[in-house]
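Pasting the structures in now, so scroll down.
Next come two complexes built around subunit A: one with subunit B, the other with subunit C.
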Partner chain A sequence: MKQLTAVLMQDLRIDIRHGGQIVILPAFFLLIVLLYPLGLGADVKTLQTSGPGLLIIAALLASLLPLEKLYTDDLKDGTMDLLLLSQQPLSLYVTGKIMAHWIIAGAPLVIMSPVLAQMMGLGISWHALMLVFTPATLLFVLIGQIAAALSLNAQRGSVLLALLVIPLYIPILIFGAGALDLFQSGMSAKGPALFLWAMLAFALPLTPLVTVKLLKMQID
Partner chain B sequence: MFGYANPKRYQQLSRIILALALVFAVIFLGEGLYLALIASPPDYQQSETVRIMYIHVPAAWLSMFIYASMAVAALTLIIWKHTLAGFYIRAAAPIGAAFTAICLITGSLWGQPTWGTWWVWDARLTSVLILFFLYLGVMALGNAYDNPDKSQQASAWLVLIGSINLPIIKFSVEWWNTLHQPASLTSLSRMANPGIHPDMLVPLLVMAGGFLCLFVVLAILRLNNEILSRKIHVMRLRTIHG
Partner chain C sequence: MAVFSGKNLSCARGHRLIFEDLSFEIKNGQILALTGPNGCGKTSLLRIMAGLLDPFTGSLEWNGEKNPDFLAQNILWMGQETPLKPQLSVIENLQFLSCIMGGPSDKAAIQETLEKTGLGRFSHYPVRYLSMGQRRRTLLTLLYLAKRKIWLIDEPTNHLDKEGRDHLVKGVMDYTNQGGMAVIATHRPELWGSCTVLDVSAFDEGTAPERIAA
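Up next, the complex of A and B:
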């Protein structure tokens, strides 16, 4: 527990002192959403029909951006070597990393989503948005960090990361957009929303374990 | 299975399989192409365009079969550290990607006269396209590290994660389509429905057998190349380090 909070607090502190992705990412999210009315035209009807999907695509792209840095810094400055030598379980470290990353790169998007939905003229209540964006952003982080560990230290890492991660993100996109669409049209979105949470329940315990394996493979 | 981790024993066996597969590939493909392109009747609705199916459907089957075989190899590599499994993934991925590309291209050539469009965002098409990108990812990751062992391990993990993801994509895409589009497309895309006439089923199956044998031939050739190139890599390292 102590190790977990140590990793968590350290990552948050590093982020804030290095100019804060926690601030920049929501701005990026807003900028992507801003592109749509400019590209598609500001017609309210178009925005309302395509809005739910666009919001989740914007969140996907914003989650893609900070993934590359997730483990590389710790690998380069030797933190990971020390961790392995210290005999502490690597899974706690990975869990701490994931939590910190979600607070920095996931939660701000969740909080921003009602604002952006209002700007797109969507009639989706804020708790419906939370219900979809919370599992979606968590899944983006959980699956994305596996891809980050996979392409860690690889040649042309960032392009490779995008190629690996986007196909894996597709189910989240489909169910997220599906749920938002149903909320938008006022129908019951129970099916896709439950699917999102089910995927989260599946990914939450498994993905950190996979990452531990991958990190061990990367270090030796 | 583990006896064949010994390269010599593997090579003896592979030589026999290679020869057999080569003979059968030539027979099946020759026979299949004759049946498919000349002997089989044109479809009453699609007329001659139906012949594209004899390439398209076996390619689609193989694209999935090869991914499944790579997933088995990935498990074998991760659990038992079987040396050949890592080489197999590297050898099979480009072939799988090629069959997926053939499937997509022939499908789109067939779609233009039949559906009147090159591409539809239909469940099957979309999931095959995603499969293609998964293959590309495996290939890219397989070359991403200077240490070849690490590349193999990393791509094995990706294959495994992708194999969990693939059914989700398949079903979610179908779901997503039923939410938005009329179901007529999905029934149109099911060309290989069980009610197919034997005159068409036989060439289809012969072609599928031919493609499978062709895959075995290509995979063994590539596998041997992979092993040789690894040997060269090791020998080079040895001369560098004295």
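Up next, the complex of A and C:
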């Protein structure tokens, strides 16, 4: 537990001191959403029909940005070697990394989603948005970090990472956009929303274990 | 008296055997110096000892018992890399590293150890402003903080000035006098007093396999 908080605090400290990350991601998210009315026209009807999907796609793209750096520093500077000789299992380290990453790269998107939905004129309540964006961004991080561990030693890792990850994000996109659509039309969105949470319940315990295996493979 | 040993180790990197049939043995209070020209496998041997690299053949033993789990938790590995985050201060870095290595993580204890390694007044400096030598010294502080039975150190005198080197040698001597074991890859075995010297290049592929280290 002490180790988990140590990893979490260290990562948060680095990201907050470094400054960039905390501002860049929300700004990127905002910019993508701002592009839609410029490209599609500012007609409220069009934006309302395509808005839910566009919002999730923007969050998906913003989540891709910071993934590459997740494990590279620790592998290159030798921290990973020490972690393997630590008394604690590596899964605690991975869990700490995931938590820190979501706080920096996931939570801001969740918090911004009601504002952006309002901007696009979507009739979705803020708690419906939270209900969809919370599991969606967590899943983006959980699945994305596996790919980050997989592409650690690859040249041009970021391109490979995007190619690996985007197909895996498709179910999140479909169910997320589906739920938001139903919420907007006032129908019950229980099905797709619960499916997102079910995927999260499945991914939460399993994805860190996969990453631990992958990280151990990278060290020799 | 504990004995850490390796039997008939060989190491393959990229389809090439770097050394083969190498055995070593080290007891409490001993220093084993690994020597040999560049590329002969000193670092690879250290990484095998640390369990970070699987040997091609052979095994590691603790008191004659094959027990890698126990080993991993009693080894402190210090390679050529500097696992320090440039954005964070010396003390924050050490708090993290000491915590994952099972040492103390309170600031007072770390500050006290930093005074001993001559970095006391730099404790709140971000690591990015430190020189390479100062970064090495920061890592030496970790050796004292994490109370482990075996130190595996890869060319520790790199980047260090004379004062830093003397300090390190004294630290290792004190540690082994108190019953610790140290394995050091070095080009200058004469620095380490009455150490056992193991020339890794003597186990180069194709040389006589009957040569066994002390």
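What we mean here is this: the second predicted complex is superposed on the first by the 218 of 220 C-alpha atoms of A that agree within 3 Å, B and C clash if a C-alpha of one lies under 4 Å from a C-alpha of the other, contacts with A are read in each partner's own complex, and residues count from 1 in each chain.
What we mean here is this: contacts are C-beta pairs under 8 Å (C-beta built on N, C-alpha and C of every residue); 3 or more make two chains touch, one makes a residue touch a chain.
Model, not experiment: these values are computed from the prediction.
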| item | value |
| --- | --- |
| Partner chain(s) touched by A:S86 [first = subunit B, second = subunit C, both, neither] | second |
| Contacts of A:Q218 with subunit B and subunit C, given as first, second, both or neither | first |
| Partner chain(s) touched by A:V210 [first = subunit B, second = subunit C, both, neither] | first |
| First (subunit B), second (subunit C), both or neither touched by A:F175 | first |
| Partner chain in contact with A:L160 - subunit B first, subunit C second, else both or neither | first |
| First (subunit B), second (subunit C), both or neither touched by A:D43 | neither |
| Subunit A positions touched by subunit B in one structure and by subunit C in the second | none |
| Subunit A to subunit C touching residues, read off their complex | 2-3, 6-7, 9-10, 13-14, 17-18, 73-74, 76-79, 81-88, 93, 219-220 |
| In the complex, subunit A residues that touch subunit B | 146, 150-151, 153-157, 160, 163-164, 166-168, 170-171, 174-175, 177-178, 181-182, 192, 195, 199, 210, 213-214, 217-218 |
| Subunit A contact footprint on subunit B (complex, rising order) | 130, 133-134, 136-137, 140-141, 143-146, 150, 153-154, 157-158, 161-162, 165, 168-169, 172-173, 175-176, 179 |
| Residues of subunit C touching subunit A in the complex | 50-54, 72-73, 75-77, 79-85, 87-88, 92, 95-97, 99-102, 105 |
